[in-house]
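Read from first to last, the chains carry the letters A, B, C and D; within each, the first residue is number 1.
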Amino acid sequence: MESLFNIFIRAIFIDNMIFAYFLGMCSYLAVSKKVKTAIGLGAAVTFVLSITVPLNWLVYNYFLKAGAMSWTGITALATVDLSFIGLIIYISVIAAFVQLIEMIIEKFSPALYAALGIFLPLIAVNCSILGGVLFMVGRPYSLGDATAFGLGSGVGWFLAVVALAAIREKLKYSNVPAPLRGLGITFIIVGLMSFGFLSFMGFSI
Amino acid sequence: MANLIRLKKGYDIKLVGEATKEIVATETPKTFALQPHEIRGLVPKLLVDVGTEVKCGTPLYFPKNQPDVFFTSPVSGEVVEIVRGDKRRILEVRILADGNLNHENFGAADPASLGRQGVKEKMLKSGMWTFLRQRPYNRVAETNIVPKNIFISGFDSAPLAPDLNFALKGRESHLQTGINALAVLTDGNVFLGLKHEADNSSFESLKNVTISNFDGPHPAGNVGIQIHHTAPINKGDAVWTMNIQDVANLGKLFVEGIYDPERIISITGSEIVNPVYTKLRVGASLENAVKNQLKPGKVRLISGNILFGSKVEETGYFGYFDQQLTAIPEGDEAEFFGWILPSEARPSISKTFLSYLTPNKKYRVNTNMHGEERPFVVTNEYEKVLPMDILPVQLLKACLAADLEAMEALGIFEVVEEDLSLCEFVCTSKQPVQNILSEGLTLIEKEG
Amino acid sequence: MKFLKDTMDKLRPTFSKGGKFQFLHSTFEAFDTFLFVPGHTTHGKVHVRDGIDMKRTMIVVVIAMIPALLFGMWNVGYQHFLSMDQTASHLDYFLHGLIQVLPIIIVSYGVGLGIEFAFCQIKGHAVNEGFLVTGMLIPLCLPPTTPLWMVALGTAFAVIIGKEIFGGSGMNLLNPALTARVFLFFAYPAYMSGEFLSDGTAVWFSGNRADIVDGFSGATTLSVVAGGGEAEYSVMNMFLGLEKGSIGETSVLAILIGAVILVVSGVGSWKIMASTFAGGLLMGGIFNWISGTPFLDMPAYQHLLIGGFAFGAVFMATDPVSAAQTERGKIIYGLLIGILTVLIRVGNPAYPEGMMMAILLMNVFAPLIDYFVVESNKKRRLKRATV
Amino acid sequence: MSTTGEEKKSAPAQPLFGKKERQLLSDPLDNNNPITVQVLGICSALAVTVQMEPAFYMSMGVIFVTMMSNLLISIMRNVIPSRVRIIVQLAVVSTFVIIVDQVLKAYAYEMSKQLSVFVGLIVTNCIIMGRLEAFAMANKPWPSLLDGIGNGLGYGAILMVVAFFRELIGSGSVYGYKVFDALGINYIGNGVMVIPAGAAIVIGLVIWAQRARNGMVESE
């Protein structure tokens, strides 16, 4: 039984969505040119992850997995295993939730909305969100664990994206070989950063 | 009354060759020249031609973008040569002095009763306006604005700088009239920065001016530093500054009706035989001032001080805003293993030289770079010598990257080249700090 | 000296544009400026420059590392004889260590400088002196048992991937020496944690290198504590450095001598050093307060004496390029390194080299720390305008 | 980021494998590679490249999904209301991914365990959505099919290259075959190649090599 804190730390550093699994790379690379936008998207991802992971935990445990629907009391449903259509369901839950967030941000922070522009819809297909859900499904998490995991994954993604953005802003003054500029050097930075994130390997308190 | 501002950051480069406090008369030189390129970005439109007879105060040229501002002749005589450089850019307007010093008469008047428009007109016509500098950008003051404040520094903290209190002794009334004139031009205050616990006898009785005292090493005497600590420049602000000797000359314009751009300057440096004070007019040829004064060997003569001055020949001309001449040895000798040996003592803020054991020793410095140019690596040295809440490295990097937004946010409006001269001095990476800033300023002035 | 200068000047045209050895221009210049600080003079409005330059700065760091290096050599020999239950003269200890350590230094400098020169040659840049420090740091932070080809590989990785592709010295993200160390740590963990006996075949050096190092490998103080706290270590030994570990990291005393050199000369940031130590003490204190396991109960100050803490704080964390570059940022950066080090160490007893990982992680976050410091400066200015 | 897909209405009578068609297949392999040039589909690409075998299965899965969904969407392109097209696309893609997932589970269970969530994550692989948006929605079924195959191949090629280096350097083998052992060399595997950092660095270098060759430079 892992403590919530350990799950949280592991999700941030060891199982970091970016550095361990390369999930959410598209938006990661696209929005990491400026710290300001990175913070915006990072916060959005963190928020979406920490809500949709537990949300999908409920969906999985009460609807999808074998015997999940025994709580309905309907015997016909008690043995149904719907986990094979999980993908579509999870994606739908995520998409619906992101739509909601988008509307909220648009209403309350037009500046942020303008800055994030086309990237908000991208959160729906940001693999880190679906990845988080799929990892959660594959592990024997309780609802609390799932929340800690979702939040941790989000924080990990957030840290990764703002740190990279700060590095790339600093890199403006560097003299990187032309063919490496942009994508190439960013990948190598990601590689070097991931060394640092291994600090907490095997960590438990 | 006066508030005291203590500055800890900065560095005094202690040099041999300080001027003794006596004013030695030197013969008025034969030739004079104004050099438009002394002001960044100035494009002159000539009003005279070779052969034109001029008096002291006769307009020579005006800046292309400010047709009502005149640069006038510092002396009476005849325009003898217009020296041009690449693309026919005007480098010098040379005047042969007639030795009589005839003045244009602009008429005496009391600035307070003249009113803003009257003061402005007199200054513009006589050429005194050109000594008003406007920040941001350190440009010639715009004629159609009212500055937030006007700042004057009452002391020069640069290495071997002249004692301005000494230089202005006996000119109190001119100074007061000059201040009165400036006070008419602004709705804000005229600020005067004085050195804490120094002899300020020439300034103590001044009125119509807000005095702040500054305590600390160079660049405490830079007006830019003083502005930052009294009433900093924000986006959209414009403030004016004027050298205090020019304020006295401004006073003279109103008291006597004449343009008389003469300053008491110090002739200093290790390669000067007899460092003293003398009187010199703006644009004067240096030949008489340094006659028999330079020691033998390769010597660099500087109009200005070692941190902010122009390299000049003995036959060159005195700078438009300078108040000192400095001569130091050239340092074009390679130094064997110079980077590893303790080396002869030299001023340095780093403590890797034995010189830090003798903090009060005065040095004979040369112009060697002491190393090669490198990327910005070492941190915290600029910060040690810039007593402002500004991040110099980040600001310079923003200039290099031509990032206007960052330059503005990091405070480029508050600094001019002179303020960062110590940063260039201390730079381990031997970066041309002033040039970088200068390019940044030019860019933002053009784009912004 | 005059003769030497004349010779160099005579050779110059051969290596300059149009000369026969034009392609070696950067190399020639590097040697010339190594021998002589050039006679360039100032050309802007600033006519005098500070005596300090990059070479001098770098050499001060190298000098600061020498006590740790010399002690490290002696200690390698001492530990060797100790493990064989023998005693020998101090000179023997030292010589034994010298034979062990010198090849590592030679490989580190040889490979690093070789790559550096090659890159500069290709790009036509001047050779930078940054590697003077890196080349010494790499051997100091490696276990003396490291096979030489690993030293070469780690150095090559650090110089190429860690530095050159970012545009060379001053542009790198991570501390290059640390990059080498961490690369090797993850590439060949068994060799790096000192649990591996070099088997001779993997070593270039005379085949019997294993004999030389025999017995040196084994538990470091950290692993002793980690392994259950049968405390067979003495605080004094930890301070003096009479223990196993990477070549230069064991003796806190020798490192402190270096620290004094760095701080007094102003070359190393005292802010980073002090805040790193403070962070370590703080976190150690918190853990003492929680208490429970041997590691939690280890007195806070002892955290500063083991596992390369002092070495990291003094020589690694202070690298001005990879550290935070703003003054406030440096304090935050140092504090976090100290805190993280102890946290990582205590959180994972099997992985006690928390120091280098913590520094590496903070290298990654240093630009972000700076970003916030710079933003706060901008905000102050903006606020002033609106008041 | 995507570049092709502008050649909307091509001439009615055209060969099945004309120049254009061949280009649809070959461009994504190199000059218009989805990963290194279009910067799409990096998400799940790298996590499965420790060894070549899983990378190969992964590539096959992606090729199948891009191909089929490109085809299907292209067929349906005129009947999909643009407002709900993303949902439709997602549904189509998910369906094919579920097929791949189930097939793997049935016939290559070990491999499906090894690929774990990454098969499922093909759904959110930007290559697929990207190609659907940029190409299939505007082109006829046959070119769309080719475009799907081409991009799938381009993706697979990078995956295999990265996996090749990681496996060779990291474990001393190629597609599970211990080459160094076979040569009698006692090779010590480089652990960096096995951890994710290795993938990022290798792909960075691959991009470098490729762009140095075709002269592409990103302006930043």
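Throughout what follows, contacts are C-beta pairs under 8 Å (C-beta built on N, C-alpha and C of every residue); 3 or more make two chains touch, one makes a residue touch a chain.
Predicted, not measured: the structure shown is a model, and the values here were computed from it.
Undergrad: Hop distance check: subunit A to subunit B, minimum number of steps through touching chains?
TA: Minimum step count, subunit A to subunit B: 1.
Undergrad: Going by CA means, which chain is nearest the middle of everything shown?
TA: C
Undergrad: With respect to inter-chain C-beta contacts, which pair, B-C or A-C, contains the greater number?
TA: The greater number of contacts lies at B-C.
Undergrad: If you average the CA atoms of subunit B and of subunit C, how many Å lie between those two points?
TA: Taking the mean C-alpha position of each chain, the two centres sit 45 Å apart.
Undergrad: Which integer distance in Å separates the CA centroid of subunit A from that of subunit C?
TA: Roughly 36 Å, centre to centre.
Undergrad: With chain centres taken as the means of their Cα atoms, state the distance from subunit C to subunit D in Å.
TA: It comes to 41 Å between the two C-alpha centres.
Undergrad: Centroid of subunit B to centroid of subunit D, CA atoms only: how many Å?
TA: So the centre of subunit B lies 65 Å away from the centre of subunit D.
Undergrad: For subunit C, jot down the residues that touch at least 2 other chains.
TA: Where subunit C meets two or more other chains at a single residue, that happens at 161, 165, 167-168, 171, 183, 186.
Undergrad: Return the residues of subunit D touching two or more other chains; collapse runs of consecutive numbers into ranges.
TA: 195, 197, 201, 208
Undergrad: What positions in subunit B touch 2 or more of the other chains?
TA: Residues 376 of subunit B each touch two or more of the other chains.
Undergrad: Hey, which chains are touching each other here?
TA: A-B, A-C, A-D, B-C, C-D
Undergrad: Within the complex, which stretch of subunit C touches subunit A?
TA: Checking each residue of subunit C against subunit A gives 161-162, 165-168, 171, 173-174, 179, 182-183, 186, 340, 344, 346-348, 350-351, 354, 357-358, 360-365, 367-368, 370-371.
Undergrad: List the residues on subunit D that touch subunit C in their complex, please.
TA: Subunit D reaches subunit C through residues 186, 188, 190-193, 195, 197, 201, 208.
Undergrad: Can you list the residues on subunit A that touch subunit B in the complex?
TA: 172-173
Undergrad: Going by the contact rule set out above, which residues of subunit B touch subunit C in the complex?
TA: Those in contact with subunit C are residues 13, 232, 234-236, 300, 302, 304, 306-311, 326, 328, 330-340, 343, 346-353, 355, 365-372, 374-380, 383, 389-391, 393-394, 409-411, 417, 421, 424-430, 432-435.
Undergrad: Flag every residue of subunit D that touches subunit A in the complex, lowest number first.
TA: Residues 36, 39-47, 86-87, 90-91, 94-95, 97-98, 101-102, 116-117, 120-121, 123-126, 129, 195-201, 203-205, 207-208, 210-212, 215-220 of subunit D touch subunit A in their complex.
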